[in-house]
Amino acid sequence: MKTSVIRKAHFNAAHRLNNPAWDSETNKRVFGKCNNDNYHGHNYNLFVKITGDINPDTGYVFDLGILSNLIKKHIEEPFDHRNLNLDTVEFKDLNPTAENIALVIYNKLRAQIDTAYDIKITLYETENNFVEYPAS
Amino acid sequence: MKTSVIRKAHFNAAHRLNNPAWDSETNKRVFGKCNNDNYHGHNYNLFVKITGDINPDTGYVFDLGILSNLIKKHIEEPFDHRNLNLDTVEFKDLNPTAENIALVIYNKLRAQIDTAYDIKITLYETENNFVEYPAS
Amino acid sequence: MKTSVIRKAHFNAAHRLNNPAWDSETNKRVFGKCNNDNYHGHNYNLFVKITGDINPDTGYVFDLGILSNLIKKHIEEPFDHRNLNLDTVEFKDLNPTAENIALVIYNKLRAQIDTAYDIKITLYETENNFVEYPAS
Amino acid sequence: MKTSVIRKAHFNAAHRLNNPAWDSETNKRVFGKCNNDNYHGHNYNLFVKITGDINPDTGYVFDLGILSNLIKKHIEEPFDHRNLNLDTVEFKDLNPTAENIALVIYNKLRAQIDTAYDIKITLYETENNFVEYPAS
Amino acid sequence: MKTSVIRKAHFNAAHRLNNPAWDSETNKRVFGKCNNDNYHGHNYNLFVKITGDINPDTGYVFDLGILSNLIKKHIEEPFDHRNLNLDTVEFKDLNPTAENIALVIYNKLRAQIDTAYDIKITLYETENNFVEYPAS
Amino acid sequence: MKTSVIRKAHFNAAHRLNNPAWDSETNKRVFGKCNNDNYHGHNYNLFVKITGDINPDTGYVFDLGILSNLIKKHIEEPFDHRNLNLDTVEFKDLNPTAENIALVIYNKLRAQIDTAYDIKITLYETENNFVEYPAS
């Protein structure tokens, strides 16, 4: 049986939900106040889960200090205290919903971590709304 | 791979655990202080998870505003600030344990949500005791 | 300068807000769904703060094990898994609002603890609604 | 002795810290990444405390339903899902630090609530950074 | 479909990460400050999940009072307010990483609970670092 | 009226409560399992509150980045992942109760921060037990 280890991180960002293929009225109807022209923002809480075998020499599945540094470099550095729509390449043409942010984070970390390990992302946009990718 | 979105809700209710097929002594032995004749109560915290594909037009799996309204209408409206044993039809003949409340909530929401989506209920009776249905 | 020590406790109870001097319509208007005839309930989170001097022999202001036992005996034992309106003497003629419950808890603990110590009660009825007595 | 009642609320907003009397370099030095040109954002958690006497007829210090509506109308409606710098009159010429936001919220609510009651604002910008006004 | 019930518990313990097969320099490099000679410590938060069928007579999957007592006897009693490296038999020759502690807890509880039930352990070493065994 | 700003920090440490002027039996009776010979440990959560006037140029009472660095240097560096009894000079001859740890932290930070500002320490030893110095 495998074991999972989970590391929490966070970043604070502005964003706005908008589909440029739609007119303003449709965007307002679908996204409501999340479509606000001048953006709004969130404290995003991120949980990265890595699943694998316990290394008998260390007792670790994956060194959480290394994971923390990967998250800092690949997620917090580009996203923290930024405007996701304006300041990032990832969301230039992708609507920054929590679902899409989780997917982007997954893909960025997947490229850094040996495929012997499974990865799962849980992203809290608020205490009341959060997402998981991939679904378990 | 699928994505899950989760919405938190809550309701405050009175309840009492009791099996009417048993005598009072057996109920006291099995349910302890949860069998108190005049009821006790909880702040129930509810998490509803919906799993599906990300819609490329919206970036949403399922609009959490719509989910929030479904929870308000079908769960909070009938259960919040009520006595589950006396004020609801669902628990007239069903013991309102956290397990059974989660099952009832699942069935009520399952009837409202397209079966293309999977649903999972997590219900906290207290910070120390909670249940999941269906088990993952 | 004095030091404060705080102990958390909790109890789960049913209650109903009602003023017997008023007619049903007035009670419904003032107390809304909190007036529900068959009660509702809460997980009450209680914080008891004791303020005094640090005893140089123990490094304690007040032994929190002793405080925990006082709370168990005088608060949790009579209130946990009870109906505050029906099962307690304290709220037989006193409306069990969070304010009044905090006042009752203060008076019950005040009688057990040396007046050399100040006491303060913080009582959470929900995560969103709580009270402090006495106000600081 | 007085009693306090506290109500929690929240709003999600974009903001940016900047002093227009300073050059860009000074703003970057003083405010760091909080000065990001395109804004960032937060989930602000707000606690409004009202202190007064318990009304013997209701058992309430202040009806938290009324307080909740005042917060909705005067704080959440203008601030939630907005850009504090661009979408509000209050922060047009005032740097939206947590300190200043708390002060603005205090003044807006102070104008709505009888001066027989004391008011205190606690505002969480993140789980790690928060402010109180006025200081107790 | 099965249902899961979860009980939270906690214990406070000292520990130190060290592989006696390695020299001191290697241990310092791999385990960093967790290798501190004189130990450090944590408030461990433990969640034990039991999955099975709802008993139609009780409405319970598994009596959480019984589970709480099993956790008290087999986990809290030997581990709480102890030094995991020095005061326990389980970690005499096993590095007390969160992964290994979760595995030990699983095995101890697995021996006490009917195999008709599945068991899962979630162990928080801190709010930011936690593990699950077995991985789901 | 003054404004307060609060910064959260944390450190994980081993400790043991013991009065060397007492015999072992007395120490066991007074401190119970906290007297365990081989230490136990906690995740300490620390809140440092600084009270002063809002600087009109910055909108800050006190730069929380500077406060965070002071806490890192003077509290986290010497205390995190240490044994308070064995690895620190502060608790060589002082019993490391939460009260005394808060007092030591206060004195260490008081020496670093202009006396124009008031300081208050809140220290959580566990979620259920915490202290404040000075008492408000």
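Think of it as A, B, C, D, E and F in the order they're written, each chain with its own count starting at 1.
Everything that follows uses one rule, which is that contacts are C-beta pairs under 8 Å (C-beta built on N, C-alpha and C of every residue); 3 or more make two chains touch, one makes a residue touch a chain.
The structure presented is a predicted model; accordingly, all values stated were derived computationally and were not measured.
Undergrad: What chains, if any, are shared contacts of chain B and chain C?
TA: none
Undergrad: How many steps does it take, at the fewest, to get from chain D to chain E if each step moves to a chain that touches the one before?
TA: So the least number of steps between the two chains is 2.
Undergrad: Pick from A-D, A-E or D-F: which pair repeats the contacts of B-C, with over half of them the same residue pairs?
TA: A-D
Undergrad: Can you tell me which chain lies farthest from chain A, using the average of the Cα atoms as each chain's centre?
TA: It is C whose centre lies farthest from that of chain A.
Undergrad: By how many degrees does chain A turn when fitted onto chain E using C-alpha atoms, rounded in steps of 5?
TA: Chain A sits rotated relative to chain E by 120 degrees.
Undergrad: Averaging over Cα atoms per chain, report the distance between chain E and chain F in Å.
TA: Taking the average C-alpha coordinate of chain E and of chain F, the gap between them is 28 Å.
Undergrad: Express in whole angstrom the distance between the two chain centres, defined as the mean CA positions of chain B and chain D.
TA: Result: the chain centres lie 34 Å from each other.
Undergrad: Quick check on chain A: which residues sit in contact with 2+ other chains?
TA: 127, 136
Undergrad: Got a list of which chains touch which?
TA: A-B, A-D, A-E, B-C, B-E, C-D, C-F, D-F, E-F
Undergrad: Tell me, which parts of chain E touch chain A in their complex?
TA: Touch list, chain E to chain A: 17, 19, 21, 30-32, 94-100, 102-103, 127-136.
Undergrad: In the complex of these two chains, what residues of chain D are touching chain A?
TA: Listed in rising order, the residues of chain D that touch chain A are 10, 12-15, 33-34, 36, 38-43, 80-83, 86-87, 126-127.
Undergrad: Within their complex, state which residues of chain E touch chain B.
TA: By the definition above, chain E touches chain B via 1-9, 49, 51, 54, 57-61, 63-65, 118, 136.
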